[in-house]
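In what follows, structures are represented as structure tokens.
Same chain, two partners: chain A is paired with chain B first, then with chain C.
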Partner chain A sequence: MLQFLEYSMIGVASGGIYVLAALGFVIIYKSTNVFNFAIGEMMMIGAYLFYAATGQLHLGWPIGILAALGGSMALAAGIERGLLQPLIGQPTIVLVMVTFGVGSILRGLAGMIWGPDIIQMPDFLPRKPIFIGDVLIPGKLAWGFIAVGTLSLAFILYYRLSRTGIAIRATSADQMTAESVGINVRRVSSLSWAITGLLTGAAGIVVGSLNGLTPTLGLVALNVLAVVMLAGMTSVGGVVVAGLFIGWFETLIGAYLGGAWQSFMPYLVVLVMMTVKPNGLFGEQRVERI
Partner chain B sequence: MPPLLTIDRVSLAFGGVNALTDVAASVADGDITAIIGPNGAGKTSLFNITSGFYKPASGTVMFDGKDLLPLPAHARPKLGIARTFQNIALFAGLSVLENIKLGAHAQLKANAGTASLYLGPAAREERDVTAHIENNILGFLNLSEIRHRAVGGLPYGVQKRIELARALVMQPRLLMLDEPFAGMNANERLQMATYIRRCVTESRTTVLLIDHNMETVLGLSSHVVVLNFGKVIAAGTPDHVRTHSGVIDAYLGAA
Partner chain C sequence: MADSIDIAAGKTTQLVPGRQWAYWQVAGWIALIIALVALPATASGYVLFMATLVAINVIATVGLNITVGYAGLLSIGHSAFIGVGAYASALMAIHLGTPLLLNVMVGSAAAFLVGLVFGAPSLRIKGVFLAIATLAAQYSLYFVFQQWTPVTGGDRGLSVPQVDILGMGDKGFYLLVVAVAVVLCIASRNLFRTRIGRAFIAVRERDYAAQVLGIDVVRTKLLAFGLGAAYAGVAGGLMGAFLRIVNPDQFTLLASVFFLAAVVVGGQASLLGSLLGATFMTLMPEMLRATMEVLGPPLGATDVAGFLSPLREVIFGAMIVGFLYFEPRGLAGLVERVRALATRS
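Take a look at the complex of A and B:
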């Protein structure tokens, strides 16, 4: 029982990272309808930027975080401005393929700059384990979870309550009407990408310090896609539930059945669920008035 | 006084279909102007040109002496142009109050950065808007009770009022209403007409509205433009239009 609780806590904590990255995915999908396949690589670049600032330039972790988050935001905004805005009006599949290509390029560039080998990130999260009763949670994971949890919560509040957040939600509901009240839809799109850069950069730093740094760090994003599909693509609240669930479920499967099962079980859950509820657990069914 | 909005020789084509041909119309300041015509006459296309969603192949659209056409759609509300849509276009998933507040978006000066930090001027602006909505809009349109409800489940007539509220928040100089009476029964039509008239008399708003129901519109407006197959076939006072033979043909079919 104690072991089950430990695995559960570890699972939920690692699910927090999925939540953060999935929030980034959802906000882009909602405001621009682009399915962003580069989400994992955006995480990976954030982690490498952190490593470059701290491990290579020895600037200390606060500056490392600023550099990583700032760099990720700039990169995301650059992708949006440079590659996606010129393609507005093209079929969505074109935009999706562009994100796929961007992902591959970023992976290749990271390999060229930092090499293919796994790099240990400089420690900045405390290693000392945290005990909740008798349940032990590894220190890095616990602090990582606190960091991504705080950021997720801050983002959700911003999205729900701030005027900018409401403008983003309005744009995602109806672009034409949004323009008619004076919302600059292009700017909302750039802003969504920049916010996603921030969220994925942070998620990348946490993943990198837990698992080490390689150009394929972004592959964890495959689970983020499972989270997003389970939640239903558009639901911010649903992503939180689905992210924590997938993290928990995957860890338990890995612990009790082994790594081979762990790699595909989340997707099996998603597939079964989608046959029952094609729009995801919390997805909206858009009803058109004709 | 020069007209507030002047549309001159505007033509618009979709593929090979001429949606509008050499359309001219003007909207006098402080009046209610109506554009009427059968379905497919080009009324909404004319609205969409004025709000910036379509670019005409030729012609000019002047608002208060300024050329509107080079401006992107999101810049036009800043000049004081507000509109509603034929199919109700509320933001699903947002509350009544959030929907209405968005109507003030164009006027607020705080940018994304200051607005999100919610500091000083941004917070004050937001308070002013909320106070304006509370004092002047919600009561006027009878929406106070439901301000925190999600817009999704509300009855059709109420949603129409919310859309009008959102357009009124910015205290527009020109209020464009695309079929404000669509789908309404006689009672609701009467109520909506009263709201529109009060906007003009109490806030000196200029109204441009579209409808295909002649009777409601003729009683309400002081100037009427009749479109058919993308061309202006008559323009003038309601009495002039009511007895115009071309208009009668367009509505009843040529005899």
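Take a look at the complex of A and C:
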């Protein structure tokens, strides 16, 4: 029982990372309708930027985090400006393939610059484990979860309450109407990519400091896609629930049934979900026109 | 999408000034087939190996182009269907010792059925949702390949007995693969002159509108999915017999993206595109390696191999992005441009 609780806590904590990255995914999907397969690579670049600032340039971790987050925001906005805005209105498959291509380029560049070997990130999260009663949680994971949770919460508040957040939501509800009430739709689109850059960059730094840093760090994002599908692509609140659930479920499966099941289970859940309720748990019914 | 219909409708609707081009085109295809048949007489073992690999990849790409290019259903699980064909066919060869062509047909049928199962979500979902369903197929099937050890041999995979065709060894196998590829290419070309094939295109353009025209959208989508998987199954069966090993690592997500890239780079909804795309994508790593081996040492790059695989990924991504950006019709679109230049004068 104790062990079960321990695995559960670890699972929920790692689910927090999924939540953060999945929020980044959802905001892009809502405001620009782009299905972003490069989300994992954006996480990876964020983590490498942090490593470059702290481990290679020795700037200390507060500056390192700022530099890494700023860098990944700029990168995301650059991708949107340079590649996706010119392709607005193209069929879905084109946009999806572009994000695949961008992901491949980023992964390759990271491999060329930093090499294929695993790199240990400079420690900045405290290692000391945290006890809740008798349940032990590794320190890095707990602090990572706290950081990630705070950021997610801040983002959700921003998205719900701030003027910009409302503009993003208005755009996702109806682009035409949003434009006619004076919202700059292009700016909203760039902005949501930049926010995604921030969120994924932060998620990447946490993942990197937990598992070490390789160009294939982005592969965890495949579970993020499962989270998003389970939540139904468009629901911010749903992503939080689904992310924590997938993290918890996956860790338990991995602990009790072995690692091979771990990568496959989230997708089995999604597959069942899709045959039962194709819009996901909290997805909205989108109206299609002829 | 108007121009892509034009490509899909194919060479039947040639404009009058293009009449001469049509003759050239036929001559070109005949020359290609003669060259393919004559190749084993002159080529080295390495060239023959690559040529066989290209032909197998062409079959898989033509299949994916049916699903993605013509029917507009994004599939990210193509390599898993190739795997189904490969395993089914290899198991037949190992346990029953049946002839290769029969094995390949059974592999293809198995992939068709599995494709239908995973295509079933497409009844209710579309677009990127379907893409995720195929991603789920990719993971589920990979899991089965890896974990069902008594049947699939787990991580180590299966080793497939050697096939000798007409006592000609590698050359015989090459000719067989080329023959299969040619037949399947012609079949896919003709498919889009039939009611079923046209229905694929109609569904891609606007599924509700297609329904109004009396097309059974659900059946059409499923069929498009299954057909793509069936082609993948053929490619898988041949690949297993060719490499003489079948293991899970051949059927990863990266392999699926490879075939998607071949479709995009070659040209969606175009037979010529599938041919060019598969050929180009298969040979690109080899060309890159050769270039780096020549250029690397003078530029002071000592660790050529370590540098090569990330560089390949960069070029791979840049090709996809570049073609979507500058020539969405892919290599086939470039050929079209040449044609336009040639027929204008």
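The criterion applied here is as follows: the second predicted complex is superposed on the first by the 286 of 290 C-alpha atoms of A that agree within 3 Å, B and C clash if a C-alpha of one lies under 4 Å from a C-alpha of the other, contacts with A are read in each partner's own complex, and residues count from 1 in each chain.
Keep this in mind: a residue touches a chain if its C-beta (ideal position, glycine included) is under 8 Å from a C-beta of that chain, and two chains touch if they have at least 3 such contacts.
From a predicted model like this one, the values you see are computed outputs, not experimental measurements.
K.L.:
Should A:Gly133 be classified as contacting the first partner (chain B), the second (chain C), both, or neither?
P.N.:
Neither partner.
K.L.:
If we overlay the two complexes on their shared chain A, which of chain B and chain C does A:Leu191 touch? Say first, second, both or neither.
P.N.:
first
K.L.:
Applying the touch criterion given at the start, work out whether A:Phe264 contacts chain B, chain C, both or neither, answering first, second, both or neither.
P.N.:
In the superposition, A:Phe264 contacts chain C only.
K.L.:
Quick one: classify A:Met229 as touching chain B (first), chain C (second), both or neither.
P.N.:
second
K.L.:
For chain A, which side has the bigger count of touched residues, chain B or chain C?
P.N.:
Touched residues of chain A are more numerous for C.
K.L.:
So, does A:Gly89 touch the first partner chain B, the second partner chain C, both, or neither?
P.N.:
So A:Gly89 meets neither chain B nor chain C here.
K.L.:
What part of chain A is shared between its chain B contacts and its chain C contacts?
P.N.:
none
K.L.:
Which residues of chain A touch chain B once you look at their complex with the stated criterion?
P.N.:
Those residues of chain A that touch chain B are 158, 162-167, 169-170, 173-174, 176-185, 187, 191, 284, 289.
K.L.:
Using the touch definition up top, name the residues of chain A that touch chain C in the complex.
P.N.:
Going by the criterion above, the answer is residues 35, 83, 86-87, 90-94, 96-98, 100-112, 115-116, 215, 222, 225-226, 229, 233, 260-261, 263-264, 267-268, 270-271, 274-275, 278, 288, 290.
K.L.:
So in the complex, which bits of chain C are touching chain A?
P.N.:
Checking each residue of chain C against chain A gives 1, 68, 72, 74, 120-121, 124-125, 127-129, 131-133, 135-136, 139-140, 142-143, 146-147, 206, 208-209, 212, 253, 257, 260-261, 264, 268, 306-307, 309-321, 324-325, 328.
K.L.:
How about chain B: which of its residues touch chain A in the complex?
P.N.:
51-53, 72-78, 82-83, 85, 87-94, 98, 101-103, 105-108, 110, 112, 115-116, 118, 122, 126, 166, 170
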